[in-house]
Amino acid sequence: MLKINKYVDINTLDKEAKKDYIDRHSAFIDCATEAKKDEMFAVTVRVGDEYPHPDDFDHYISYVQLFNGQTLLAQANFEPGAVFGAGKAGNLKVTFNVVAAKNLNLTAVAYCTKHGLWESDSVKVEVK
Amino acid sequence: MLKINKYVDINTLDKEAKKDYIDRHSAFIDCATEAKKDEMFAVTVRVGDEYPHPDDFDHYISYVQLFNGQTLLAQANFEPGAVFGAGKAGNLKVTFNVVAAKNLNLTAVAYCTKHGLWESDSVKVEVK
Amino acid sequence: MLKINKYVDINTLDKEAKKDYIDRHSAFIDCATEAKKDEMFAVTVRVGDEYPHPDDFDHYISYVQLFNGQTLLAQANFEPGAVFGAGKAGNLKVTFNVVAAKNLNLTAVAYCTKHGLWESDSVKVEVK
Amino acid sequence: MLKINKYVDINTLDKEAKKDYIDRHSAFIDCATEAKKDEMFAVTVRVGDEYPHPDDFDHYISYVQLFNGQTLLAQANFEPGAVFGAGKAGNLKVTFNVVAAKNLNLTAVAYCTKHGLWESDSVKVEVK
């Protein structure tokens, strides 16, 4: 059975290694909380906040997905070592743009080739 | 929060509409239960068993994924109306081939553009 | 044999319908011409400039790819009607971020489900 | 500018290294030359014929695409080392199934993370 890791606030964690592990895999959605109807609205999906994730050939973020409710909007796939370079690390980010007709409830998923699926907290966007 | 629909045996369901809904979205893995080490091993991912799923432009199976444990092996993406034709329906299937060095624990995921994510039962394969 | 449509400056074209057709499918790369070594560098892939492309279920931009030389960096896939809404139109854009160690020679590809593959002009980025 | 390598019959080549290089990257379509209208029709995309391609983390076949004319039917993405295992090699294959209403003109594309894009010869299928 697939395990979808959910976001955990690393301030609630004791051990440094665990903070690092959880943080560098966590998916985040960065966007405004309001969007104008029928105008382009930028939504950035980011992986990791304080701790960088490797971009090694055998350990990298292979894809991120952006959902609205249970509906997939977009998926971005990355090649190993293509974003930061093999042997390096960082916080991957990709900015999608959508035109919303109705309120959004966005969720992102990130997939690490070693540590599986990670789901962000959901973000509500009011469309006016 | 994402909902991952899990396999339900439709014989346990009463209503015909529900049987249809559940069955046509369910992901199945068809493969042998044993594989020979270092030999090509075919794994078919199929969506729906007794009931066909539409391939309409606004309602189709957009992708299937094949996981071994929590590790993604492959993802196949389909274009709307490309598999059966818009206005038609059927049971999508795609056959991947892997060479296994160790026992496998396979799980498939199917994504319907209207009804979200569906996870198959897992299938264990002994590698000899 | 696959046809990869190449960028054509629409100012060289006579007919309005042709300008519209060519422009709305053309892929563009928007980024700085210089990047700092080991710093995050934003690269936007955009489809269409003056004319919007439909986001209809049977006619939409299904994916864009970003290459460095002949090497794929990333591919973003979109669902029909998910970016602008079915019945609407616009200029899709997605922003990738890469950390470059060496000079880049970027090319984008866009795929329209009715009108096939479109390759952007290449953009050189000097990494200092 | 992107280079799409086209199929070359390796019997026309002199050097063993060149035969190996060309063959192991070449995409092939294996399918019947006739399909029955409205019946499932299997199309296998295969990479390499006599020479195996590595499945190393930094050198593998990342995706294959199947086109009908200029229209994409499906794309299968693979993770590094997931098909044959890192350090091993083989001829990747994936079998799609389509229901054709009209004659098909199929072309496959394979992408190698080190050696770029490779386009198969096209295969015509008569639909009766």
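What to note about this one:
The first chain written gets the first letter, and so on, giving A, B, C and D; residue counts start at 1 in each chain.
Note that in this section a contact is a pair of C-beta atoms (placed from the backbone, for glycine too) under 8 Å apart; a residue touches a chain by one contact, two chains touch by 3 or more.
All of these numbers come straight from a predicted model, not from anything done at the bench.
Across the two candidate interfaces, A-D and A-B, the one carrying more C-beta contacts is A-B.
Between subunit A and subunit B, the centres computed from C-alpha atoms are 25 Å apart. Distance between subunit A and subunit D, defined via averaged C-alpha coordinates, is recorded as 32 Å. Contact with two or more other chains is made by residues 62, 71-72, 77, 79, 113 of subunit D. If you sketch which chains touch which, every chain touches every other chain without exception. Taken in their complex, subunit B has these residues touching subunit C: 56-58, 62, 77, 79-81, 86, 113. Those residues of subunit A whose C-beta lies close enough to touch subunit B in the complex are 1-4, 6, 62, 67, 70-72, 107, 109, 111, 113-117, 119, 122.
Against subunit C, in their complex, subunit A makes its touches with residues 38, 40, 68, 71-79, 82-85, 88, 90, 92-99, 101.
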